[in-house]
Structures are given as structure tokens and as C-alpha cells.
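Shared chain: chain A. Partners: chain B in the first complex, chain C in the second.
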Partner chain A sequence: MTITESERGIQDPSEYRGVRRIDHAPQIFNNQPARYYLMWLLLPAIILLAGISLYPFVWLIYMSLHEVQLAPGKSDLWAGFDNFSRLFSDKNFARGWLTLFKYSALCLSVEISLGVLVAVILNNSRLEKLFITIFLMPMMMAPVVAGFLYMFLYNGTFGWYFWLLRSLGVLDGGSILGNKFWAMFGVVATDVWQWTPLIALITLAGLKRVPQEQVEANMVDGAGPVRNFFSVALPNLYPFLLIAILLRFMDNFRFIDTILIMTGGGPANATKILPTYLFDVSFKFFELGRGAAIAFTLLLLTILLGLVLTKIFEDPTRKIKSNGGG
Partner chain B sequence: MATVTISDVWKYYGKTVAVKELNIEVRDNEFLCLLGPSGCGKSSTLRMLAGLEFISSGDIYFGDTRVNDIPPKDRDIAMVFENYALYPHKTVFENMANPLKLQKMNKVDIAERVEWAAKMLEITELLQRKPVELSGGQKQRTAIGRAIVREPKVFLFDEPIAHLDAKLRSHMRGELKHLQRRLETTTIYVTHDQLEGMTMADRIAVMHEGVLQQLGTPSEIYNHPVNEFVAGFVGEPPMNFVDCYIERQDDAVALVNDSGQMKLLLSDAQSRALAEKSADGVVRLGIRPDDLFVEAGQGHGLDFTAKIFITEPLGGDMLVEAELGDDRLTIKRKIADMGQPGEACGLAFNIEKLHVFDRETGEAFF
Partner chain C sequence: MASREIVRYKSPARTMFSALVILFLIVFFVWTVLPLAIMLISSFKDLLDAFKLPAEGDWGGIGVMFDFEPTGAHYVELFTEKNFGEYMRNSLIASLGSAVVSVFLGSMAAYALSRAEFRGKRDLLFWIISTRMAPVVAVMVPLYVIFRSSGLVGTLPGLILAYTTFNLPFAIWILKGFFDNVPYAIEEAALCDGANRWQALRMIMPLVAPGVGAFIVLCVLFGWNDFLFASIIGSGGAKTLPVATAELVQPVKIQWGSIMAAGVITTVPMMFLGLLIRRYLVTGLTMGAVRE
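Here is the complex of A and B:
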């Protein structure tokens, strides 16, 4: 049994220092000595985290400026910006970017529209909880496993999807992943299968937060259900969609597991998105310097795109949030 | 521009009954107020009128059209919500233009209508702002603006001014009433504030626990409440209730309170009314604070001597709470020095304004 304050004979919480601290937690940060104390407590964690993320980053920059020697006893050669300038004339680098954008755009657009649609259908339906549980299963799977699973489904000998598409007459010859045109859709479908549930889940959480009164006001104003969704629900979903898009686009820019397993970037580089090319350069050709340069551009663009996306969605987010209070 | 008929309407939520056998006829261009405490079914009724809530049984007609199965968008109604329900991502102009845009009105006409409404509500200079930049009163005006830009059959108001501060609320009461008279549109207004009902409505429907208690003009409701609930709910400060029993002396009928300190001789008409309804034994007397007289000190010449419990000055007027036997009564009078709590005071009743209720059922005898 817990002992309450009054049972201890403490009437005023301020008499009891521990309670007082907790009651006024934010004030701790205005108190100078206490602030230093907190800083000291946090310092080891900050140093550790900085070490983990900064050390490799510094190494990345170091490598990108050197011709890294793998043979023992040889020291790295200073290369200046050669690794970067060589990228401009690298056709595979440009194509890697193009493929990455194509891949990411396809994945995002299908996942967002499908995810939102699924969320709208599931919202307030009786089977909501059951379906969510089922839909979450693909997400629990390691991307490598998903890659293998789809590789088997697409397999030209015993693949079920292959058989289905073939029977429908959609596919005229060859296998799915062996076809330059179909391979891209094959890998996109895998990503869609695995990650649409995440979008649906986030959207579903967003739908619960759409103010019911606005929806009703719009109905009274004369809007049908479709119109209502686009003019009231969707604007209220922006902050949630932003999170979903940010998460997914960054994943697309760094996950290579599924593609590596399924096609390895082929056929004829049709699915060689930049991260896959980076993998080739660094760990197949062992040109670590050039690989680091590619990685650096990838990181830079991810950050830039992230900022742009946040900017695009920022305005409605702020307004909807601050309106929530009043 | 339509009558509204609520005919034998019931509303259930699961097994809970929210509205029981409701029958109301709202006249053309009438301002009807649905009044009652929270949970009395008034909001459910309004939402059924709007089409936002399914009608469990019964019918609702706008004019001659049965609207039960008509979705809200086709009912030609305008509704103002308790929390205004403005679209946060749209400007005031866009908020107000929304219903017209959905009617596919052309842009020039929309601008004209919105500006007309904005001018009427004195929010013209706010048209380009977003709701987040507005005060409570401005948001509320915008919400009303969104309702009046088109000419709906019926206005529905769901406690539209409940969240405004007291001063603004009293101002808006006047404005809303003026607006309704000017627009000449049938209006149904839900509130739990009896003052709003009394000041604005043509007729008031008092509801309690899903049941319509009384439907009448504010003066009928105030002066002739049909039961104890209505009597106690309408009027500020609320009516005093005293448990009494009936005592007959020769021809006259008197009410005596349970502690025996108070004895009121009823008028002939009142005695007859009691006899007609065969009231006997125990009853409950009701008297409004305005219908009691109180004087300070001993030599007051009034019927009873009571004891001051507390006095509450209100500026020009004051409330006096006085104890008469075991009963405590609130009296409203012009401000005066009533002495200290515990001191004696004189007390008298305006017999004409007495109300007598059945102690069991709460039904009014008169």
C-alpha cells in the first residue's frame, strides 16, 4: 500500500522537497546551479552519442578526400576533390540518382494514396482493430526477408505472382525481375506491400484527430463525403502525412536490402538506385574514397529534401496546431 | 422560411433514451429556444434536425417535406456550432464562402454575399485573417457569417455564445435577436442558459431527461410553469421552494410550512384551484425572490419575523437570504442596510404570485 502525503503528516507539498521539485519541473531549467548539475549528468551521454555519429562522419569526409588504400602497409593518398569531380563524368552516378528518384516517387505516391485510402476505409469500421493487426505483419518483417519472399513470388518457375500475371496475359515473356520494365514495378510492389501499413497506421491516428465539428459543419454547409474528405480531413492530416512522407523517403534513400536481394540493381541497371550503386562502388570495386564521396552527396541531398518537405508542410501544421488550443 | 415539425421523435443511444416522444411545431420565422440542463436531449434534438444524428423513431418535417432520410447537405439548413467549427486552414472569407462555393455559386456573387454578411456582422476588416488570429467573439461572428451568407430554410444554433465572456455574451444576445428578426428565418436555438432563452426566444421548449416539459412564450414559462422543474430552472436567482401542508379553516385554505412558523391564507381562486385538482395534505410552495418582501429590524409590520442568514449586494439591488423556521428563502430587493447575519427581519409574501406543486410528482396546481 502506498502512503499518501497526508498520511505522512505533510500538508503542504512545498515542505517536502522531493515533491516540490517534481511539481515545478520546468522551473529547474531556470535555476542556474541546477542547470549545471543537469548538464554534468547529461554530458557522458552527449559525448557517447557524438562519438557514435560524429566519428564515422569525420571518417566519411576523410575518405572522400583520399584515395583509400586497402593493402596493408600502404598509406592513403590525398586526392583533394578528385573523388567528387569524377562523379560529374560518372554516368552510373547520374543514372543512380535518376533511378532513385523514380523508385522513391513511385513508392511514395502509391504508398501514400493507398495508405490513406486504407485508413479512410478502416476508420471507425467494426473490424478496425483486427485489420490493423493483420496489416502490421509485413512491417514486422526484416526487409531482407521481404525481399526473399517477393523474389520467390516473382520466380519464373514456381512464383505465384509470376503465374498470376502470366495467366492474365499481362506478362508476355521472361520473368518479372529479369525484365527491364517490370523489375522496377517488382521492387516498388515489395516496398509498397511492406510499408503501406505504416502510412495507413499514421493516417488512421491522424483521422482520429480530425475535429468532428469541422466535418459536421462542412456537411451542413453542403459537402458530400468525398468533398468533405478533401476540404476538411485532408488539411487536418497534413502534419501526419508529413511525418509519413519524411520517414518513407528517407528509408527509400538508405534501404538497399530488398533491391540487393531481389535484383542486385539489375537487369541492366534498371533498379540500380544510388544506394545500390554506392554499395557496388565501395564493397564490390572497393573504391572506398569514391564511395564516400557518393555517400556524402546522398546525405547532403537527404537533408536538403527533408528541409524542403518540412517547409512545404510547415504552414498548415503550425496553424492547425495552434488553433487546437483556442 | 419554413415550419419545422418534430413529430413523435425518439432517440436512443444503445439502451439509453436521449429523447422521448418529442412533439414540437416550430412556426414559420419563429425563434424557438430548446432549453434544458446538459444531458436533457436538446442537443440530440438539434443534431437530428441537422441530419447529423439518426432518428430512432418518429418524423421530422421541414414545411411539408419529411427530412428523415435527407442527408445534411440537402436539407438547406445552416448551423452554428458550440466551438464554432471554423476551418483552420481557410481565411475568414473562405470560411464564410464555403457553403456558397459548395452551391456552385459564381465568384462575383459569392464575394458580394460574403461582404454583405461581413458588413452586417462588422467583421469586414477581418476577412483575410485565419481563424487562429481571431478572438472568441470574432470566431463566433465568422461562424454566424458562414450560416447567414445563404438563405437557408432553418437556422440551427448549438449554444453558440456559451464560450464568450459575460459582457460579450449579453451583447451578442441582442445582436442575434436583431439578426433573426431582420433575416426572418425560422431559428432553433439550443442553450442551457435560461437567460438566453428568456431574452431572445419567441417560444421556449424546456426539456428535462429527454422529455419536453413545457412549450410556451418566455412569459408563460416564467409566470405559469407547469411543474417544479420548469419553475426551478427558469429565473435567476431560482425560485424558492418550501414544503407545506394544507390546512382548512372554515372556508379558507391555508398553507403551513412543516416547522409551523409560516401560515399563508390563499385567495379564493387559489383555494378553488387546489380543490379542483383535489390537492390534499402535503404540497410544495414555490415563490420567486422578486415576490417576497423583506424589511430590516423588529417594527416592520410584515406578516412574519425571520432571521437574516446572509446578504449579497448586487449594486442597485441586493439578495437577502433569510431563515424562516427550517426554511431558507432568497429575496430580491432594492439595496438597503439589512443589518448583520443573525438579526431579525420582517418577511411577507405576494400571495398572488404563489405557485403550488404536488410534492410527489412536481406537477403544478397553479
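Here is the complex of A and C:
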């Protein structure tokens, strides 16, 4: 049965931050046969999704409480919360989180500043179309391939980027990915190369939504382009940038292909972000119980991020979809 | 546009500024394109040419990059000796299979979610999006154990199911946004004209068809580019291109020429697909939050 706005305790529907409602009541969907019809449309997907995500999640919890035996015939041993309590004394676990945040912070700060800068320069210029096409190319590349490509470029004997850095006198060590200090920048640069374009495209979409009247009013008041950017464009861009930051942060620990390929987490754990550590624990040492416990903590962060994201997605006051339409 | 109508007086500072802007654009352009160009060029170089590098600080020596005899040997080797034809087929079946399943079931569910109001809908939507956001490694730990016991490891159906874990929630979520933008009036009118519900749904399909098509392509892209699932769940019988590429790394020597060629093979089809769905790409990659 339908819950009316008054039952929800909200007087003005436009104030309601929840599920998007369409202005006129959908009478045709508000009767019993229609409900059954929609339910049958919904069910196959939900059942399949439950099978491949909810069921594994239950398994994950089970595994995190057991010492999982992979050899056939052996049954799992009850471990209680041992897998979790061991995490507290696990130095690599804490380091994994720290490295993850460091990695993400580096990636995001560079990507956001570069992406916004490029977008602002390109907006409404003749080069916009050309650059948008070029932007697509790194994004379409499989992260593994990007990892190999950068490994190739960083190679100490024939890598062009290695040569460039040496020639510029920036690099004095003999290797990029083998150096504790440089390896982090090496993997960050790969991520920056692949995903700055996405930030630029998001920003470009956002810049198109900046109300032109505000820009004009500001110019009439004597503001220059720089002032204009900070006082008019940037505030209008915030929701877009927020989305960009959240999505990129999410992907930073969703995908670890590049790091796995390039450094495998080394040297000396310098690039071992938590998901990489989880990969090692689960699929190198095959300690699946402990892996499940680590995975569980990662999923908690995901759920937290998900809550924030859904809030943004559902907020009807946000400017992303509403202005101008698509 | 207003900004163009305002008269700008030329000043040295302004000229400097625009020169800097242009320089920045050039650098950014080179930074984005150069790795791709090097990959393409290196895939046509034989071992000796690939190792040629000017001396440190010898800026004039950059021309060495283009000083080579192009050879297609790496490509030939990949397809004849290294079985890349089969891996490409695996990649295609796994990613396309998952994309079709996801978008088919996803569009039905998305339509229902867009049209129905029920208690717990928000929680359902939240569950769907968080499934999509879960880190691949974290999902894989239990999935691996389950698939192992049901014999799905190393098979294409297993890989299709694995890809569906991220493609299905993506499809539901993003297509719901599409159906939300289709007014009820069309279905109402169709029902009034005596169509049944299924026919009414078919009436609005042409409106969402371009989006549905684009998101099939995006789902293919996500599956095609996946490495983690493919390396663990697909290991053995269902080797895909990214995994096969990674296996070209051998302890003794890394076959860079072949790896670059494999990279080109993996990347080029996806670039074309990306260009094809350019209009929907940003929407897709931001989970529908940003519309161009």
C-alpha cells in the first residue's frame, strides 16, 4: 500500500529527501494487479542479486568467524572473533589503511586540481570537442594494461619516463617502482593519468550548469575571470566535485589491478593499500578466514560511503540533474 | 556569450597568462596521449629497437623513438603461439553474457522500481548500490569459496556470474534513473487505448532504448577490463585477455613487445566502444549522478 506524504509526516513533497516522486499520483500503478505485475518484473533481478551478493555476504560473516580449511574433507574450525581480534595486533592491517588513505589523498588531490583546471580552460573553447575525445582513451583502458604500460615507461633500462625523469635531474635513484619513496608516486601517476579525464568531464558537465545570469551579474560588478571562477563557478561545482571525489575514492579501493601488477604492494609494503593486503592474505597465503575479517572491515567503509552517496543521489535539491535537464 | 562581449585590452600580463594556459594544455595533451602512442609504437618494435633509448640528458635523441623497422611479429605470435584468439573469445563471451543478463533483468527491475512505491524501497535501493560499490577483492573472498564448492571456478558461466555481481546493480541503478525521466502519461495513454501492461512497457522502450544500448556497452566494458575476478575465478578454463596479458610476464624475461601488443588488442576495441557511447559515458561512470 502506498504511504501518503502526510503519513510520512512531511507537508511539502518537495521537502522530502527520499525516493523521487512524480508530481501526479500514478493511479495506474496504484492497484493490486499493477503491484503484482511490477513485483514479478522486480523479482528475477532481486533473486539473482541476492544469490550473488547477499548469500556470499552471509558466507563472508561465517568465514570471518572460522578458520577456513580449503583442503577437501576438512571442516572449518570455529574461531570466534579471533580473526577480528588478531587484526588489532596486525601491523600490516593498520598500515594498509594508512597507505590506502595516503594513496587516495594523493590521487584525489592531483586529479581534482588538474581535472578542474583543464575543464575550466577547455570550457567553451574550440578545443573542447577534441580534448573530450582524447580524454576517453585512457579511461577505456583496462587497469591491468595501464599498469603494464606504466611499468614499461618506468623501466630502468629502456623506460621513456625513467629517461625523462633522469634527464630532468629529478630522479637520482636507479629505479622508480623499486624505490620506497618513488613507488607511491609511480602508482599515483598511473591513476592520475587514467582518471583525471573523468574528473575533467564531470567538471565540464558541471560548468555547463553554472547559471549564466550569475556570471553576467558578477562581471557587471567588475569581477575578472579568476574571481568569477571562485565566487560563481566553484560554488555551483561543489556537488559535482563531491560526487567525483566519492566515486574516485570508492574506485581507489574497489580496483587494485594497477597496484597488483606494478608493485604487488611493494617495495617494503610502500604501496600495500588495504585491498592489496587483503588479496595477499586471501589468495597468496589462503588464510580465507582472516581475509574475510579484513574484507568485512572494508565493506563497512563501503556501506558508510554508500550512505553518503545515496543521500546525495536522492536529494531533490541538488543541482546536478534538475537544472537544464539532460 | 557574455564573457566574449566584454572588451579585453591587451597587456603583457594577459599575453603571458594565455601563453601559460596554452603551454599547460599542450603539456596535458602530451601527458595523456604519449603513453598510448608509446604503447602503440612499441608493439611494432622488435626487441632491439624497443631497448633503444638516448643517453640521459640527450634531448635531441628523442627521435630514436621513431627509428625502427615496424614488425607485426608480436601480434602474429600472440594469435598463433599464445592462443589469444581463444582468450579474446572468452573475454567477449564473459563480458557480453554478463552485460546482456544484467541489462535484461536490470531494466525490468529498474522499471518496477521506478513505477512502484512500497515500504522499504529506499533500503532496497541502498542495498543495490552498495552491492555495486563493494570492493572487488572483498566480494571475491566468499565468492571464491562458494564457486569452488559448486565447480564454477575456471568456467565461463562462473565468470559471467562474477561479473554480474557488479553489472546487475549498476544496470538496475542507472536504468531506474532513465525510467524515472519517462512520464507516466505514455503508459496511461497506452492502457486507455486497450493495451495490456506488457504492451504499455513496450511502448516506452524506444524512449529508453539508446540508454539501454549504451549501458549494455558499458557493462561489456566493465567485464572486459576486469582483472581480479578473471584471475581468480576464471583461472584455468576461462582465461580472459587481461589475465593472458599478465601471464606474458615470465620470471626470466618480460616480453614487453608482446605485452604492448596484447595491451593494444585489449584496449582498442574498448576505445571504439567508448567513442560510440560518448554521450552516456559520464552518466554511466558516475552511476547516473551527472548528466551531460
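The working rule: the second predicted complex is superposed on the first by the 277 of 326 C-alpha atoms of A that agree within 3 Å, B and C clash if a C-alpha of one lies under 4 Å from a C-alpha of the other, contacts with A are read in each partner's own complex, and residues count from 1 in each chain.
Here, contacts are C-beta pairs under 8 Å (C-beta built on N, C-alpha and C of every residue); 3 or more make two chains touch, one makes a residue touch a chain.
Nothing here was measured: the structure is a model prediction, and the numbers come from that model.
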Between chain B (first) and chain C (second), which does A:Leu41 come into contact with in this model arrangement: first, second, both, or neither?
-> second
For A:Leu77, decide between first (touching chain B), second (touching chain C), both and neither.
-> neither
Is A:Pro211 contacted by the first partner chain B, the second partner chain C, both or neither?
-> first
Could you look at A:Ser231 and tell me whether it touches chain B, chain C, both or neither (first, second, both, neither)?
-> first
For A:Met140, is the partner it touches chain B (first), chain C (second), both, or none of the two (neither)?
-> second
Regarding the shared-chain residue A:Met219, is it in contact with chain B (first), chain C (second), both, or neither?
-> both
Is it chain B or chain C that touches the larger share of residues in chain A?
-> C
Touching partner for A:Asn124 - first (chain B), second (chain C), both, neither = second
Contact residues of chain A, present in both the chain B and the chain C interface | 216, 219, 320, 326
Quick one: in the complex, what on chain A touches chain B?
-> 211, 213-214, 216-224, 227, 231-232, 235-236, 316, 319-320, 322-323, 326
List of chain A residues in touch with chain C within their complex | 2-3, 18-22, 24, 26, 28-30, 34-35, 37-39, 41-42, 44-46, 48-49, 52-57, 59-60, 63, 68, 70, 114, 117-118, 121-122, 124, 127, 131-145, 148-150, 152-153, 155, 157-160, 163, 166-167, 193, 197-198, 201-202, 205-206, 208, 212, 215-216, 219, 225, 240, 243-244, 247, 250, 253-257, 260-261, 275, 278-279, 282-283, 288, 291-292, 295-296, 298-299, 302-303, 305-307, 309-310, 312-314, 320-321, 325-326
Note: in the complex, chain B contacts chain A through residues 50-52, 71-75, 77-79, 81-83, 85-89, 98-99, 102-103, 130-132, 136, 139, 146, 156
Would you pull the chain C residues touching chain A in the complex into a rising list?
-> 1-3, 6, 21, 24-25, 28-29, 31-36, 38-39, 42, 50-54, 56-59, 65, 101, 105-106, 108-109, 111-113, 115-119, 121-122, 124-131, 133-146, 148, 161-162, 164-165, 168-169, 172, 180-181, 183-184, 187-188, 191, 197, 221, 224-228, 232, 241-242, 245-246, 256, 259-260, 262-263, 266-267, 270-271, 273-275, 278, 281-283, 285-292
